[in-house]
Structures are given as structure tokens and as C-alpha cells.
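What follows is a pair of complexes built around chain A, which joins chain B in one and chain C in the other.
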Partner chain A sequence: MAKVELKKLFKTYNKKIKALEDINLTIEDGQFFVLLGPSGAGKTTTLRCIAGLEKIDSGDVLFNDENITHDQPASRDVSFVFQQYSLYPHYTVYENLAFPLRSPMRKLPDEEIKNKVEKIAEMLKITNKLKNKATELSGGEMQRVAIGRALVREPNIYLMDEPLSSLDAKLRETLRVELKNIQLNLNATILYVTHDQAEATTLADKIGVLKEGKIVQIGTPEEIYENPNSIYVSQRLGSPKINILPGSLFKLDNNIPKIGLRPENIELGDGPYEGKIISIENLGSETVVAINFQDNEILASIQGSYKSSINEKINFDINTNKVLKFDNGDQRIHER
Partner chain B sequence: MDTSRSYLEPSSFSKKMAAAIIIVYAVITLIPISWMVMTSFKNVDSAISYPPEVLFEPSLEGYVNLFTNRSRQSQEYLDSLPPPENWYEELVRSREMVITGPSKFLGRYSNSMIIGFGSTFASVFLGALAAYAFSRFRVPLKDDLLFFILSTRMFPPIAVAVPIFIMYRKLGLGDTHLGMIILYTVVNLSLAVWLLKGFMDEIPKEYEEAAMIDGYSRLQAFFKVVLPQAMTGIAATAIFCMIFSWNEYAFAVLLTQFNAQTAPPFIPTIIGEGGLDWPAIGAGTTLFLLPVMIFTIILRKHLLRGITFGAVRK
Partner chain C sequence: MSVKKKFKGLSDKAVGWLFIGPTVLLLLAINIYPLVYAIKMSFTNFYANKIGREPQFVGLKNYIKVLNKEAIWEKMQVTASFMFWTLLLQAIIGLGLALLLNRKFKGNELLTTLIVLPMMLSPAVVGVFWTYLYNPQVGLFNYVVNFFYDLGSFDMIGSSTLAPWAIVIVDTWMWTPFTMLICLAGLRSVPNYLYEAAEVDRASKWQQFIYITLPSVLPFLLLALLFRGIENFKMFDMVVELTSGGPGSATELASINLKREAFEKWKTGYSSAFAVILFVTIFGFGNVYVKVMNKIKER
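Presenting the complex of A and B:
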């Protein structure tokens, strides 16, 4: 495994469309790094640049301080899990898993290939499918084989492009846990792309937030959640979404243009503010209540269920310590 | 009313109609072929008898005549010979002839094989490489080049027969296997490039990218991953190329005489006594039909689409 560094990476498509702008980031050896951002932010492009599938305009890619910017994909020794399954349909599951080990770069003896493939198949619980054709699998099995094909060797870095996005919710959760365990066991360096915040927070050691081809913040999941440096970053994590409200609404400080208030920092039932209930959404362990307060819609989330009805008046209070303050440019105002 | 079937499924009446139309069509197209096969098993007299004989006594005379050269001899000479050694000698002698040697058919037939399969392989191989390049790389003037390639088929190939004839004579390619392979490959290549490009476009590039990351060069990825998945297209293209070069007549007449003559110009020249030897011609065309038929049947399973598709989620 390796430390991976990107330095001043620029990439445009067709000489016009800016895909990446001045990307600088370091993924430490053994780190689970998650790139978070909406589609079109440049997450996949970043992965493809590291893998060598895209030529970059300028900048450097370093593996363990060695510059590999101009190396071919094959010689970079990285593995990639694509968003699509991309199994080789004319091969069996076994042959798919053995494919990277049989490459001219490695050419391992058959016995060793067999051991490695069987080990990885066991880990991903696909041992009984090894003889199947790749086309004879369910979606979940295909994606596990695709992940297995990446994990079967120990490359410099594992690159994963929304590997779980095509799976159903239950399988996604199972595989998410498995993936984290595998990473801890192998002490693997992983760069993982997602727009799913649950994946980002549960998997990541570090999160990098991308916006329109630029990295806007890097930090641990806690830092990104508690201490976002802009409204954009604050909206990446948290469900239900953070409330962005006019700064004057709660009369905290009239010089603040905007504030961000997470739904769990609102207490219902008692307090100085009075609003009207717009909707109540019971999610089981929590309930999301939408309140109209001086023509602003505010989402509050509380533990358990909430007994009330729509259009009823409601009193609430806010946790002023947790209020995030933003300036006119949507950037965070840090208190001194 | 029958409500058990789905609205999407055709009614039993339209299914029967479709079957009837297919059967009628099949019968119409198969009549000349079956007549040809029947003729090959007739003897010279019943082949030209009027009214035509549908029921006849089968004979292998056509096939014997196809493969042998014979000469007519007097009865006295025939009587002086030792008894015939095998059935075909006996058959020939009953017609008051003796076998003087094998005919040229086998040689012409193997010329057809060499030139047909050779040019098919060359067209498909070169076509696949070109199609892959056009499909994946940013080739300058791509559309113009593709149009230029297609434009070589906008006139009948025979329109350039004279220049090619002169060119081949200068280059010493006339009446050679290599010359005919090159010629048929050139004619087929535009078809191969266009057909295969369509198939290559449909293969997601993720496969090669995955293979390249797994440690293979682009060329290795092409052979290991792309070609197996293009099998459907390759099979279809190979059949088209094979049928063209196997059946081609005009250039073969013009450019070949002895060394590299293919079967099509040869078969009609099988002349019997006092007219064409129809059973022999029938036998020649029947045998001529077989390779293309077998080739198509072998590749047929690759023509069924969908066997390799589905492992990439689109």
C-alpha cells in the first residue's frame, strides 16, 4: 500500500469543460479517504486521473513520493471498482477474479492464484458461485465479484467509484460494513467516491468535499459535520438537511447574514419561539417535524415519535451554541 | 373470449399466418436449391428429360464426372481391358468411356477455400483493428475517413476491373492466390469496418479500462476482452465476407485462369459430350454450397445476440 498525493491537478475535457481545478490532496498509507460531492463535481474524474485512465492537463500524481504522472494504467498498480459492474461476461467468476493475477505484470503461478481467489471468494461469500458465468449472477453478487477483483491483489491504492450505489438498501448496508472490516484487516489505502452521506460518514477516516472541480474542505467526518467552512459543505452531511435561515430570524446578532441550524439542535414543546406545524414525518427512531416560523420552513428532528397534528401551534427553542454562522458569500464566520 | 393470454402476445391466428408465410417463402427459395441437388443425383438423360422427372433413379454419375476426366473408347478396346477395379470405373465403362485422370475440380475447389477463408480472415482481422480505432480513439477527420471507406462500395467493384487488371499484371499478382486474397479483402474491408464499428461502439469501454488497470496493455485488453465480446459482430461480418469472396465470379473470370482459378468460373465450363453435363454441374454447385452452409451453421450461435450482454449495467 502507498501514500498517494495529488499536486495542483488540472483537467479539462475537450479543452473547454473544466473538470478539475487545482486539486491538492494527500491520502496517507492505510487511510480510507472519501470524496464527497454531487454528480458532476469531479469525483470520478479524480479517480480516473489517479488510475491513469485520463490524461491530466497539468499537475503531478505521486505514489510514495514517486512521480507516476506519465505512467500507463497497467504499470501504476492500482485497482478500480467501477460504478457499473464491468465483469468480463465471457469469463466465469473464478476467471474474473484471477484475471488481474494472470496479467503480464504479475503472472503468478496457478497454485498461488487459486489460493488468493478462494480466499477472497470466501471473504465476499461467493465461493459457491466461482464456476458460474459472470452473467449468471444477481446484481449484488456481480458487484461483490467486482469488488473481489479489486481486492484480490494488494495494489498501491484501491479506487472505488460509488461501488454500492447500484445495490438495494439492505445489501448496501451489509457490504458497507464488510468493506470497512476488510479495509481495517488489510490496512488498505482506499479512495472512495460517493454522494451518499451515510457511506461517507461510516467509512471515512477523512472526507474531501468537492465542488465544481475544486476541493472545498478536507477533514474527518466529525470536522466536516460539526465545523463546515461553508454552506455548501454543511449541506453535504446530515439527514434531514441542515436549515439555512436568515441571520436575523432568532435575533442572535443582526450582523450575521445567514445561519445554519441542524434539525437535532431544535427542541420542541417549550421555548420562546412559536410556529405552526406544516408536516410530521415519523421515521421510526426519530420524527422530523416541519415548522413554519415567520414564513421560514424549519426542520426539527426529535427522538421517538411526536404526538401533534398539522396546523397546530408549536413552541420551540434552539441550541444557540450549535448555530453555524455564514457571511454573504456563504462562507463560515468563525468566532474569535 | 380467450382472456388468458397477454395483450402483448400475438393471437394464435397471426402466429399461424406468420408460420404459413414463412413456409411459403422457404419453399419458394428452396425449390431451385433442391432442384440443383436433385439434378446432381440424376444421370445425363434424366437431367434433361421432358417433362422433368421429379422421381428418378439416383445415380452418382454427376459426381464421378465432376471429379474425373474421361475419354470415349470403342467396345472392342473396353472388352480388352481387365475387369473394373471399383464402382466408379464400372459406371464410366457402362457409358463406353474410360477414366483418364482426375479433373481440375479439386484444385479449383481448394483455391476457392484458400482465397475465401484467407480473405475473410484478413478482412475481419484488419476490419476489427480499424473499427476499434475508429470506435475508441480520437482519430483526426474520423467522419471523413469513415465516409471515404464507405464510398469504395458506392460503385460496383467490377467498375474498376480494367485498372485492377492492368495493375495486377504489372505487379505480377494476376492469377495468384495472394492477389485474389488482397482483392477480395479490399472489397470486403469497408463492409467489415462499418459493421464491426457498430458492434465495438456497443461494447462499454469500462471493460478495457478494467483490463488495463488489471495490468494489461491496450492491445492485450483488445484481444482478451474486446474481441471475445465482439464475437457476434465478428461472426456476422465473417459470414458476409465469406459469402462475397466465395461467390465472386467476375473478377475470378478476369484475373484467374490456371493457378488460382476459383470454383465459380470453373463449374460452368464442365462440358460433356453434345451439351452441358448438367449432373456434373449440379454436383459441383452442390459441393460448392456446402462450405458456406457449414460455416454459417458453425457461427450461427454467435449470431444470437444477447449472450454476452447484461454484465455491465447501463
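Presenting the complex of A and C:
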């Protein structure tokens, strides 16, 4: 595994559409790095630039401090899980998994190939499907084979492009846990792209938040959640999502244009503020209450269930220590 | 209710028959009826030029005669070798051209159109103008061959060893574009991400060809060869114009021999039996081939 660095990466499509602008990031050896952002933010393009599937306009890609910017994909030795399954349709699951091991750059004896394929198949629970044709699998199985095809070798870095996005919720959760375990066992360097915040927070050692081709913040999941540097970043993580409200709404310091208030930092039942309940959503372990307060909708989440009804008046308080303050440009105001 | 009934129109089934009806009638009239008639004739000693003579039932005599005639097996051999070489060359060159044209380069589309042109000509016309190209004195073919390698004077059509190659070359020239077009369609259907995945998996170009390109294009190629095989089994017009089956009977394909027996010697019963044998042969081969092809497709 390798340390992967991107330095001042620029990429435009068709000489017009800016895809990446000044991307700088370092993925340490053995790190699980997640790129988070909505579609069109440049996540996939970043992966493809690292893999060498796209030519970059300028900038450098470094593997273990070695500049490989102009190397062909094959000589970079990376593995890629594509968003669409991209299995070789005419071959069995076994052949698909063995394919990367048959490369002329990595000729292995058949016995060793067999061992590796079987080990990976067991890890991903597809042993009983090894003889199936790639096209005779369900979506979840196909994606596990695609992940297996990447994991069967030890490249410099694993690149994963929303590998779980097309699976159903339950399988996604299972595979998420498996993937994290696999990464810890192999001490693998992974760059993982997603727009799913649950995947980002559970998997990542570090998260890079992308916005329109630029990296706006890099940090641990905790840092990104608790210390976002802009409204945009604060909205990436947290469910139910953060309340962005006018700064004048509560009794705080003056001259704060906007504040961000996470739903769990609102206490219901008692307090100086009075609003009206718009809706109550019981999610089992928590309940999300939407409150109308001076024509602003505020989401509050509390543990367990909450007994009240819509249109009732409600008093609440906010945890002023946890209020995030933003300026007019939606950037964070840091307290001195 | 009554209004509804009035506008009910035809049922789906009726509309279906209305659409295929004309075709079915046409097929019955010009394909099925002659076939049945020919089968009937093949058991008689009918001579179409002897008017007024009632044909008599002779049983399997015609069939035995055809199958025991050594000349027939020679024609079959000529046909088989013609088919083997044309199909082989058209498969290799057609796939090769398709692979080249599948790359992106300037003038790609214009070149495709130009390559496809021979296929659009009439086979008889092609036969006629290739006789000029093959002319040993003024023909372009001999000139070009001698330009690269001096063979001296040779006559493609006049020599009984070269004439079979002459018809193979013309058929390949004319019909390679067909296999090429169908292979090209197959190649275009391969999603690009498979090649990207293979590249990241560090497969060589050769492995990419064997693992991705070939299995994707093979069903297409086999289909093209099936069409070409059926066509060339009954090849007639081009070869008649080019060599009329000669010299001697070096290029006398089964179909040409059949035409001679039927419409020059007027042995109608005998040639009907021959035609039925040819029909059964191509029908049998065709069916086996389609079965194999489907197996490969499923793979």
C-alpha cells in the first residue's frame, strides 16, 4: 500500500467544463479516506485522475513521493470499484475474480490464484456463486464480485466509486461493516467516494468535502461534524439535518448573520422560547419534532418518543455552546 | 353501448393476420408451392421440354442417380472449398477492418462508407467488370500483382488452378464489408467501462481482446457468417458472369451444375431431386449452426 498525494490538480472537460480546481490532498498509507459531496462535485473525476483513466490539465499525482502523473493506468497499480458493476459478462465469477491476477505484470501460479480467489470469495460470502456466470447474479452479488475483484490483489490504493449506492439498505449496511473490517485487516489505503453521509461517517478516517470541483474542508468525521468551516460543510453531515437560522432569532451576540443549530442541541419542554409543533416523526430510538418559531422551521431531535400533538404550543431552549456562527458569505465565524 | 360496438374495430389477432397475410401469401406462391412441386417432381421422370408426355413415378431412382454420380461430388467439393475460403477470409478481414474502424480517427465515417460500396453493387455487374480486371493483357489485377512481385503472365480466369481463387477473391472483395459492418455493430455494443476496468486490472491489450472484445463480437461474427454461408452455398450470378463455371468445370458450383441439368439438359425430375438434396443439406447445416451459435451466445 502507498501514500497517495494530489498536488494542485486541475481538470477540465472539453476545455470548458471545470471538473476539478486546485485539488490538494494526502491519503496516508493505511488510511480510509472518504470524498463526500453531491453529484457533479468532482468525486468520480478525482478517482479517475488517480487511476489514470483521465488526463489531468496540470498538477501532480504522487504515490509514495514518486511522481506518477504521466504513467499509464496499468503501471500505476491501483484497483478500482466502478459505480456500475462492470464485470466481464462472458465469464464466471471465479474468472472475474482471477482476472487481475492473470495480468502479465503479475503472473501468479494457478494454485496461488485459486487460493486468493477462494479467500476473497469467502470474505465476501460468494463462495457458492463462483461457478455462476457474471450475468446470472443479483445486483448485490455483482457488486460484491466487483469489490472482490478489487480486493483480490494488493495495489497501491483501492479506489471505490460509490460501490454501495445501488444496493438495498440492509445489504448496504452489512457490506459497509464488512468493508471497514476488511480495510482494518488488510491495513489498506482506500479512497472512497460517496454522497451518503452515513457511509462517510462510519467508514472514514478522514473526510474530504468537495464542492463544485474544490475541496472545501478535510478532517476527521468528528471535526467535519462539530467544526465545519462553512454552512455547506455543516449540511453534509447530520440527520436530521442542521437548522440554518437567522442570527437574530435567539438571544445571542449581535452582528451574527446566520447560525447553525444541530437538532440534538435543542431541548424541548422548558425554556425561554415558545413555538408551535408542525410535525412529529417517531423514528424509534429518536423522535424528530418540527417546530414553527417566528416563521422559521426548526427541527429538534430527542431520545425516545415524544408525547404531544400537532399545533400545540411548545417551549424549548438551545445549547448556546454548540451554536455554529456563520458570516454573510456562509463561512464560519470562529470565536477568538 | 351500441356506439361502443360500432367503433370496436378489429381484434389484435385480426390485425396481426392482416399485417402478415400478404407476405404469407407471397411466400406460399413463390417459395412453398415450388418447393412442394419440386419434391413431387423429384420422384418422377419428368422432362419439362417434352410436352404432352405424362411424367411417371420412378420412386427414389433420381436420388440414387444423383448420389451415385461422381461429377456431383466434384461440384460439391468445389462448392465446399469456395465456401471455406470465402468464409474464412471474410471472417478474418471483416473482423480486422471492424477493429480498425472502431477506433476514433478523422474520416472514419467516410472510409466506412467507401468500404461498404462493393456490397451495394449487383453481383452480375461485379462478375462482368472483374472479368476485365482479371484480363491477363490489360487487367488491373495482373498489373498490381506483378508490380509487387513479378509472376510474369498469368490468367486468373483461364487457368483451372487459379480460377477457383479468382471467384474467392471477388466474393471476398464484395462481401467482406458485410461481415465488417456486423462486427462493427458488435464492437460498438461493448461498453467502454469494461476496457477501463481491464486497464486498471493491468490486462494486456491481447488479454483485453481475448477476454472482452472477442466474446462480445463472436455472436455477431457467427451470424454474419451464417448469412454468408447460405448465400455462398447457392452462389450463382457472380460466378456465371465471371467464369461460367469454367475452365472445364473448375469453378462449376453445385448451383451452376443444377441450372445446367435443369434448363440446358431439361432433366427436370433428376434436377428436382438434386435441388431437394441441396435444400436438405443447407437446411440441416443451417440448423446445426444456429444451435451451436446459440450455445456460444449463452456462454
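Worth a mention:
FYI, the second predicted complex is superposed on the first by the 336 of 336 C-alpha atoms of A that agree within 3 Å, B and C clash if a C-alpha of one lies under 4 Å from a C-alpha of the other, contacts with A are read in each partner's own complex, and residues count from 1 in each chain.
Here is the rule we use: contacts are C-beta pairs under 8 Å (C-beta built on N, C-alpha and C of every residue); 3 or more make two chains touch, one makes a residue touch a chain.
Just so we're clear, the structure is a prediction, and the values are computed from it rather than from any experiment.
With chain A as the common reference for superposition, the partners chain B and chain C occupy clashing space.
Touch criterion not met for A:Ile182: it reaches neither chain B nor chain C. Shared-chain residue A:Val78: touches chain B and chain C both.
By the touch criterion defined above, A:Tyr88 reaches both chain B and chain C. By the touch criterion defined above, A:Phe99 lies against chain B and chain C together after alignment on the C-alpha atoms of chain A.
Once chain A of one complex is fitted onto chain A of the other, the partner contacts of A:Met142 are limited to chain B, with no touch recorded for chain C. Greater residue coverage of chain A by touch, when chain B is weighed against chain C, goes to B. Residue contacts after overlaying the shared chain place A:Ser166 against chain B, while chain C stays out of touching range. Touch criterion not met for A:Leu124: it reaches neither chain B nor chain C.
Contact with chain B, but none with chain C, is seen for A:Ala134 once the two complexes are overlaid on the shared chain. In the overlay built on the shared chain, the residue A:Ala19 is in contact with neither chain B nor chain C. Once the two complexes are overlaid on chain A, the chain A residues touched by chain B in the first and by chain C in the second are 51, 53, 72-74, 77-80, 82, 84, 86, 88-90, 99-100, 103-106, 149.
Across the complex, chain C meets chain A through its residues 191, 193-194, 196-204, 207, 211-212, 215-216, 299. Against chain A, the residues of chain B that register as touching in their complex are 204, 206-207, 209-217, 220, 225, 228-229, 307-314.
Remark: chain A residues 51, 53, 72-74, 77-80, 82, 84, 86, 88-91, 99-100, 102-106, 149 touch chain C in the complex. On the side of chain A, the complex with chain B involves touching residues 51-53, 72-74, 76-80, 82, 84-90, 99-100, 103-106, 134-135, 139, 142, 149, 166.
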